[in-house]
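Look for subunit A in each of the two complexes below; its partner is subunit B in the first and subunit C in the second.
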Partner chain A sequence: MTEAIRNILKEHGRLSVDISTLTDAADLYQAGMTSHASVNVMLALEANFEIEFPDKFLRRSVFSSVSAISEAVDEIRAAR
Partner chain B sequence: MTTVIAQEGASPVGPRPLETVARIASEVARVHADAVDREGRFPAEAIEALKRARLLGVLVPASLGGPGLGLDEVAAMCEALAHHCASTAMIFAMHHIQVACLVRHGQSSPLLRAYLTELNERQALIASVTSEVGVGGEMRASVTCVEQRDGRFTLDKDATTISYGEHADDLLATARRAPDAPRSDQVAVLLRKGDFTLERTSAWDTLGMRGTCSPGAKVRSSGPAEQVLPVPFADIASQTMVPVSHVLWSSVWLGIAAGAVGRARAFVRQQARAKPGTTPPTAVRLAEVHNQLQTLRASVHEVSSDAGRRMAAGDPEALSSIGFSLKMNNLKVSASQLVVDIVHRALLICGIQGYKNDSPFSLGRHLRDAHSAALMIGNDRILATNASLLLVLKDE
Partner chain C sequence: MSDISAQDFHDALVAHKLILPVGVPGAFGRGPVFEDVLRRFGDLVTEAAKDDGAEQMLFPPIIDRRVFEKSDYLESFPQLAGTIFSFVGNDAQHREMMNCVHEGKPWSQFQSMTEVVLAPASCYPVYPQFTGTLPEKGRLVDVQNWVFRHEPSPEPTRMQSFRIREMVRGGRPEQVADWRDQWLERGLTLLRRLGLPVEPVTASDPFFGRGGRMLAANQRMQKLKFEVVVPVLSKEKPTAICSFNYHQDHFGLLFDIKTQDGQVAHTACLGFGLERVTMALFRTHGYVPAEWPAEVRKVLWP
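And now, the complex of A and B:
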């Protein structure tokens, strides 16, 4: 799953560094992701994983790293 | 230190701070408003009166020696000032936006806590430096960065607009977190008087809000590294700076609108007195514009008390939720449009007496001041943000 998340970030995260140089724990905002870009990341995640992020998941911290995103996706899928 | 200052004659904020502000608005701000506007000068008399009444530290919490008033109380003060002088009101609003950011995001730092106590004791005035050459009105991006070395920071910034910068004691500036940080990874830094210089780079000869004295300037500064706020500016912006700005700005615009309707009402009454027994035709127009004013007032008050409640609850999630962001942004856009419409209608009621600069019913200053509202963080920019928030909001 982290591979799919990384591909989405590569396409929509508008990071100022190459995603492959970042660890799963690295702070994506410090890597240049803006809140506007995080909206597109979320839309791409929803399409890719066929999920919907409930409003309570729409927090800055949820999109702060590859592992945070991956945990959120797991949690949303588990709740289905 | 507190006692020394108290002996020097500074009194604590009075029991009815809003009444004090309303009195300063009508007895001081009103008297100088036209000269402030005409000369494009700082409203020194009104700001001095607000300092003497100890109203610049009202958001400082009791634990740090302040009265700890709520956001809606400050909003009501902004409105009261704007009835008579929108520039004074906007300066008061912008100052409290900076104080709110420090109160809500600086308290984990002993140095910033001490600063807030001192701000209240000395009634220091803080200005904001978010604008920058190269990013325009995009508050969430910086070109310049703060550099930290051996416990000190240096920060130089080429700002496009700094309201009352030359009259302020201290500044709160945004910058990239470090030399290698991207544009959006920002921090806020407190710059203290004596630690910065301003070199004016443009003039402030504007249509309205002339007394805010907001030319561009190159800021050069250094100071203790603890003056870099300990949380990312992204959180400060979303949880405090944006909601507080929109509430206090909208309160200023409500005050401008109320001031204009007040003039229209006085005009209609004068017409009615000239022909006792008949209702002047302008009275119906007054009823219409009064209706609009009530709509604006209801929306500003509702959103400001909601924001005040969320802030008092101290729950960051409640302040950064998408629904709340949309609501705050909608308030800014609608209030900034309604104020122009209301002042325009008041102008039509007063007719040529409103159009003249030298009549008691003159509305030129109100109209010019009101037109700043849609530009202060451009409405199109805000609507673009809302458009993207609406792509993700699931329930309302």
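And now, the complex of A and C:
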């Protein structure tokens, strides 16, 4: 799954560095992702994983790293 | 002060000839007594800012559509934006359009998008003026304009067109944050001298849609927006009359604004909603300025 997340970040994250140079724990906001870009990442994740982020997940920290996103997607899928 | 309904407040403002209804909600005219108070409040802002050395700028209430498109406004607030369309057809199309108009049919198909949109805030035309490298002490601009928000409402403080007096700051992060903190104190002092029971609160913008909920949560968590609120209709839901927005590097990146050391500049703005401040004064002290408390009158009519 992290591969799919990384592809989405590459396409929508407007990162100032190459995603392949970042670890799963690296802070994406530090790597240049803006608030508007994080919204596009969220929408692309929803389309890709066929999920809908509930309101309580629509927070900055949920989209702060590849591993944070991965945990959130797992949690939402598990709740189905 | 007890609560008042939107309709009763509207009717009281009309009865005292402070506002002049025109048929469309949120587009009323302003009477001379209303305007006198509004102008005098503006003078107090000028007085409070007199030692800051702000550059005065004045723009028409329209902005370059390309600047608007670049600014992310449509991404954040599509529901509030006002885009200007105009007729560019020939005689036959003109006749067709007028037939539709006279028959009460839709005629928007004869209109084309122009190069300009209505200004959504006073500060938008300022950021492109900052493009390039800022001086060591950054820049500060004092600007006022009519702005448009598409949110028709019978509630008098929610207008479609109103004036915002704004101060816009660009510079290094600490310059901008310090300036904002200083103005927050200054703004509170100024409004309290006028007898308004104002309080600062952390706030968020009315971003559109589900993505907007995320943007609003981010904005609150990072404390990027503060509002100064005062009870107008109710104590429970006070009205924002002044707003402080810290954009971090948002406009610096979009409009290529740099500091002396080559970093992306940060920007912030603060705006007084002039009509809202004026309405808060009428609501707090009564609809007849001659009957306002002497200490308030002394500040506004020195």
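Here, the second predicted complex is superposed on the first by the 80 of 80 C-alpha atoms of A that agree within 3 Å, B and C clash if a C-alpha of one lies under 4 Å from a C-alpha of the other, contacts with A are read in each partner's own complex, and residues count from 1 in each chain.
The definition used in the following text is that a contact is a pair of C-beta atoms (placed from the backbone, for glycine too) under 8 Å apart; a residue touches a chain by one contact, two chains touch by 3 or more.
Computed from a predicted structure; not experimentally measured.
Once chain A of one complex is fitted onto chain A of the other, the partner contacts of A:Asp55 extend to both subunit B and subunit C.
By the touch criterion defined above, A:Ser35 reaches both subunit B and subunit C. Touching more residues of subunit A than its counterpart among subunit B and subunit C is B.
In the superposed model, A:Arg80 makes contact with neither subunit B nor subunit C. Shared contact residues of subunit A with subunit B and subunit C: 34-36, 39, 42-43, 53, 55, 58-60.
The touching residues of subunit A, counted against subunit C in their complex, run 34-36, 38-40, 42-43, 53, 55, 58-60.
Interface of subunit A with subunit B (complex): residues 16, 29-36, 39, 42-43, 52-56, 58-60.
Of all residues in subunit B, only 140-141, 177, 181-185, 232, 234-235, 238, 317, 320-323, 385, 388-389, 391-395 touch subunit A in the complex they form. Interface residues of subunit C facing subunit A in the complex, by the touch rule stated above, are 72, 75-76, 210-215, 217-219, 221-222, 250, 253.
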